[in-house]
Each structure stands twice: as C-alpha cells, then as structure tokens.
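Here come two complexes built around chain A, the first alongside chain B, the second alongside chain C.
Our next item is the complex of A and B:
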C-alpha cells in the first residue's frame, strides 16, 4: 500500500509529469470541445492549430487524428544554436525560458504548466522538460519532424554536454548545500538527486559537530552584540 | 534589461488561468513535494476535498454516458476516462507517498502534536490502528520477555531518544517562484541570493518556511 519507492521522482514519474506540457497540434478530424478536469479543450477543427496537453496529443496522434507541431526549440537550427551556447558556457546550463508573469495574489505558474512546448514558445531556451518532451515526440511523432535523425543526434549531443557539466559540478558541493542549478532539466534533477543530495547530506553529517559549535558561537555573539567583523578577531585571539 | 521587461509585462497582462488548471497544478505540486521532501507535509485537505469531489463527478458523468452507443461519443469517453485515470494516479501516488513516510517513522508522527496535525483524520486513524497492532505483536513476540523497565519503544532516558525522526536537514531541489533575496545557512559559509526562476539545492530546514508560503516549490 505504501509507495515502495525511494524519495525523489523516478524517470517514469518525470515522464508522467512531462505529459502535462501543452503542445500544438494540427487536427485531422473534427472533435467537439471537451470539459476535462484540468480545464476545457476547445473544439478541434482541421486544419486549425490548437494547444492541448501532451498526453491528449499523443492519444490523438496514435489514432491518426492529429499531427503534432514540434516546438520551435526542437528544430535542428535552434538545437544547433543551443548546443553552441551550452558548449561555450562551461560553468552553467543555458538559461531556461523565464517564468511567465503572474497576476498579484494568484498562484505563480511553473513547469509543466508553463506553456513552453507550444508552437509559439521561445526557440532559444530549453524548457524544464526538454529531454522528456523531445524523446516522447521523436518516439511517437517522428513523422512530424523534417529531420528526426538530426534532431535525435543534436539532443544526444546537448545531453552529453550538460551531463558533463553536472558531473563537473560535483566539486562545488559542500555541507551547506546552496548550489545554484538554473536551467537544469526535470530528468537531470531526477538522475542527479540521489548523488548530489547524498554528497551534501553526508558532508553535513561529517561536519555536524563543527557546525554545531559555530552555530552556538554565532548565537552567543548575537547576544553579546558582536558584529560579523568581530567574529574574525575573536578567532585570531583564540589562536594566540 | 530582461528583468525590467518582465516586470512591465507582469503589470500589463496578468495571464488568466482557469481554476481547474490551478487545481491540477496544486495537486501536481503536492505530489512532487511529498515525493521529495524528507518529512511528511501538511495534508492539503481543502484541495483534496475539491479534487476528490470533481473526480467522483467526472466518473459519474462517464458512467452515465457509457449507456449511449454513438461511436462518435465513444472516443470522447476514452479521452475523459484517460484524464480521470491520470488524476486518480496523482491522488493515489500522493497518498501512498504519505503512507510510506508514516510507515518509516510511526512513533514520531504519533507523539508530537504539531507533527500529527499534518495528518488527515483517516491517516491518523490508520497510523493509530497500525501502531496498536504492531505494539501488541511486539509485546507477545519478544518485548514481554524483557524486564519491565526495558519494554518501552519510545524511551528517552540517557539523553538518547529511541524514536527515529526524518532528517529535516536533508538537501532538496527547489525552484523559486518569487524573489526571496539573500539566504544564509546557519553554522556554515553558505550564502545564496534566491531570485524568481532560480533553481537551488538547499537544506529542507532552510527553505521550508518559504515553501509553506508558496514562495518556492520542490522539484
């Protein structure tokens, strides 16, 4: 009954989440509008482009009722550009599409609900679920791509470059955490979580007593009104 | 420059998002958060009541329409059912992830009033019954043969507590949904300037407060 899985998302769960991304389709058949739990689907009328969730697009595609329009960033030219940027930036991932503006007081929208895989998405930024959406589309709708093999190869190249950054980033891990990973993808988080989290947690456990002492000292200084600069003097005094 | 532009956009065109989609987003976030957070999170009771009622209504609609044998309506039903199954999967996975945490640290979630407040009524009942059965079984199987003073499962004498607790300091991945500003991890040199849209690996104990306010989401 209890979920027999370790904490953190499995690749299958990430794939499930990526299917909530909106994609653009060109319907081949009419279909009346639908009231779904997650919002309404407008009536489908060929050949009018419509944005629908990926899971529904895959269902329609499988039954040959629609074609899927690959998002602009999944075109060979955009991927080649992104690959160049990824190769040039050795420290960080290329920047993701910015979060959409949200009305004051309302819940901010974030992936997979941020529309970043539709036909009018940005061509220069890899969205959070880039790898998953790319793989799923190449698998289920490769005939909607002009050069599926080229796209597949570019995706693999980008993945290699990013994986090597993820591996190189291991050196900056320390007990406090505080690692910035802007632009990281959903599947990359799922893959790296166990290792990155494990390293940080174990470093923390190793340094736990030292950290505790420092915490107490800082609390003491806070009470006595010492400033941050005073803390260093205090250290020196101790050594003398 | 980019930031200035997005600020202007924010003031001009707040996007209109349907409440149904917001519910789906909240449910998805609750599921992800429960799967990756080290300790049990508060039960999202308002959201769950709403979601369960809507799933039930949708199932009723599907059952009602199954009677009609129009082949055209047939595919619509397939779509409706597929979506209902996706929602049911999310709900089920969320609840199962919670039960897994309860099973890992049963005594911890039972004894502390603040912590047990995160459980729903059904979960509290389940955990109480489970722990009752387990305690009885332990007593019959082996605890009964111990000296009376050594039979407790929640002994705290000698400064060491027997009750295991989840690691609240574990590292988690978060995405900032609003600007937070500089953050310092006490007792370490770690400092972070957390801005909207950033992804950070931080200690759960450090970011928990912002998660409760909805300023960050777990990923």
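Our next item is the complex of A and C:
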C-alpha cells in the first residue's frame, strides 16, 4: 500500500469537489466576465443575482464583495420538512432532487452537473453535496442566513437520522438483500464507506462456503435436468 | 486471503480437536510421553493447517488419517449463547480470530445452520459496533466491555468505522477554525 489513506475520498477531498457546485450570489461590486478553464463567469452587476461556482462565491464573500443566497432547501422550513420525511421513512432516505426534463437531442443532466444549490433549486430534496455545501455556507456566510443556528441544528439532526439509517441497513444485508441508498450524499458516503464495505466483505467471507454449496447443488440439478428422463431425476433428487 | 496475510496465518495456527484414526509410531511426544506411539482413537489438539491436511489425506481404507471436530469456540455452548444474544458473547476470549476460524470450519464441515448463525451474529454485532464507533470517545466510553470482546475482524472494522467518523469530525472542526 503506497498511500496510508483508506480507499475512497477523504472528507476534505469531497468538500473540495463540492466547491464546483453553482450557487447564487448578489454581487456588491461590478466585475467583468471571466473566461476560466472550467467555464466562463458572467459579468457581475449589482444587484443582479448571478450563478457562479461556490469557490468563487466564497472568495468574493470573504472579500465582502458579494452576498450568497442560500439555496431553498437550506431554509429552516424546508429543512424541517425534510427532517420530518426522514424521520417517518425508516427504511429509505429522502429522494434526491428530481432530474430536470432534458431538452430534445441533448444528454440528460444528472446531479454533479445539475445546478442543485442555486436559488431556484428544488426546496424539497437534498442534493448530493448537501452536507458539505450546508456546512461551508454556514461557516463562511452565516450572516446571509436568517437563523443560522436553527439551520445548523436542523442539519445536524438530519445527519444523525440518516447516519443511523445507514448503520441499521446492515441488518438487511444478505446474499439477495440490499440497502436502498438512493439520495445518500457525498460526505455521507465518505464517512460510511469503511463500515459498509467492511461489513459486506466479512459477510461475503462467512457466506462463501454456503454459496459454494448452493452453486454445486444448482450445477448438480442442472446436470440432472439435462440428462433427460424424468424418472431418473426423481431418483437423483431423493439421494440428495 | 493473501499468502502473507498475518491474520490468515494466525487463523491457521489455532488448534482444533482431532481423533487419530490410525496408530502412528513415534509421535508420542505430542501427548506427553516421548518415544511411545499415538494409538488409534487418541484425541489431540492439532493446529488447523496440519489437521486439515491430515483429515483429507486418505489412509488405507479410511477417508482421512484423523477426524476433525468442531473447536471449543464453536461448541454447542457457544452457539447457544450466540443464538440468545450475540452481543454479550466475548468472542475474543474464545478465539482471537473467531470469524476467520468459523469460515474455515464452514469450508470443512457442511453446517448450514452454523453459517446462518454466524452471519446473523456478525450483523447484529456490526450494528452495535457502529454505534460505539461513532462515539467520539472511542473505546473508552461505556461500551468498553463489548469492544474488548471483539474478534480481530471486528476490531479492524471498528477501527475503520471510527476513522471515518473521526475524519468527518476533524474536517468540520478544521473548517471552523480557518
């Protein structure tokens, strides 16, 4: 093992990736459009709302040149709603934001490239980077929230509920079973990867001999099936 | 399991009870009287790697030179306890590599019931383990007793789970300090 890091992304790496998300800002100063490798940034004209990447928004916010508009799902009312849904659904996670209807002829856009943290995002669903974006915004732009403490508390609550669901999921893991993991966020995956992967690996080892027996039996049955005559099959089955 | 996997080697070194099916001259030192022979029907504890080879090597008319038994750590007493509540059994004191040993035994014996029981126990214990791993105080909290009873596989799982939670917490704190 060359790197001492476990497989998968570390929380800091996930948070770095989430800075690619688009957020809505209200600029306080004019800024000409920027042509960057990652795409062009439109010219900023106060007080017109503009969508820019989170990293740039954070930079402008720190220099006090812009205010960040929290995405609709980060408002206390929507978070409280989502928390209710999460608490009621004991099996699955609340669904991720719906995909926009794709324009004809173009590829459909899915979460990493779909703007999910802008001001016109869905208010009833948590996007992939919800936890990271939420924490980063609360840290850097808490004065743009009306009730930052309430939002922080709600985020913690939702996180706890979802984590306990992720943990409880191991009980239903089995050869044929699975955990419904739709809507699990990036940071949650980074946190739970070691545990879920480890459990599955160990269960696979424990079940290996049983699986082997089952396969042998199936192969046996298949052979008997191909051998033809029905009466013989019965005899063979009796011996088993 | 890789060739150099220390855990696999240690699992192989655990002893299992065997019964000799034939008389072997000159092996008396195994049961404490050197120079004598090991008689047919003698019960001895042999390391798993040796016992496995002897058990599947045909000798004369017999299918193996020895017959294997389930080790004490998988005896009726233990399975009953696991059936009652897997979380209260101290697997570590039974066998440090309990689940690995169980897997090896399941390879040798066809025991569907035991396989199901081990799988169920592992799941229940993993859930309990995850709850403890998310405790910021780690193994020092109230679950210390349970955590001491974890076998090697579970310990590794616990460490990995704890590291994950710790990394996220560290990131949160680090960001706020900036």
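The working rule: the second predicted complex is superposed on the first by the 188 of 240 C-alpha atoms of A that agree within 3 Å, B and C clash if a C-alpha of one lies under 4 Å from a C-alpha of the other, contacts with A are read in each partner's own complex, and residues count from 1 in each chain.
Methods note: a residue touches a chain if its C-beta (ideal position, glycine included) is under 8 Å from a C-beta of that chain, and two chains touch if they have at least 3 such contacts.
The model shown is predicted, which means the values in this text are computed figures rather than measured ones.
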Chain B versus chain C as contact partner of A:36, first or second or both or neither: first
Partner chain in contact with A:135 - chain B first, chain C second, else both or neither: second
First, second, both or neither for A:84, with chain B first and chain C second: neither
Partner chain(s) touched by A:20 [first = chain B, second = chain C, both, neither]: first
Touching partner for A:168 - first (chain B), second (chain C), both, neither: second
Partner chain(s) touched by A:193 [first = chain B, second = chain C, both, neither]: both
Which of chain B and chain C A:181 touches, first, second, both or neither: first
Chain B versus chain C as contact partner of A:149, first or second or both or neither: neither
Partner chain(s) touched by A:96 [first = chain B, second = chain C, both, neither]: first
Chain B or chain C, by number of chain A residues touched: B
Chain B and chain C footprints on chain A, overlapping residues: 174, 193
In the complex, chain C residues that touch chain A: 99-100, 102-103, 106-107, 110, 112, 115-116, 118-119, 122-124, 126-127, 130-131, 133-134, 153, 156-157, 160-161, 163-165, 167-168, 170-172, 174-176, 178
Of chain B, residues touching chain A in the complex: 2, 6, 9-10, 13-15, 17-18, 20-26, 28, 32, 35-38, 54-55, 58, 75-76, 78-80, 82-84, 86-87, 89, 93, 96-97, 99-100, 102-103, 167, 169-173, 175, 177-178, 183, 185-192, 196-203, 206, 214, 217, 219
Contacting residues of chain A [partner chain B, same complex]: 1-5, 7-9, 13, 16-17, 19-20, 31-32, 34, 36-41, 55-56, 59, 63, 96, 98-104, 106-110, 112-113, 174-184, 186, 189, 193, 196-197, 200-201, 204, 211-212, 214-215, 218
Interfacial residue positions of chain A with respect to chain C in the complex: 6, 10-12, 15, 135-136, 139, 163, 167-168, 170-171, 173-174, 187, 190-195, 198-199, 202-203, 205-210, 213
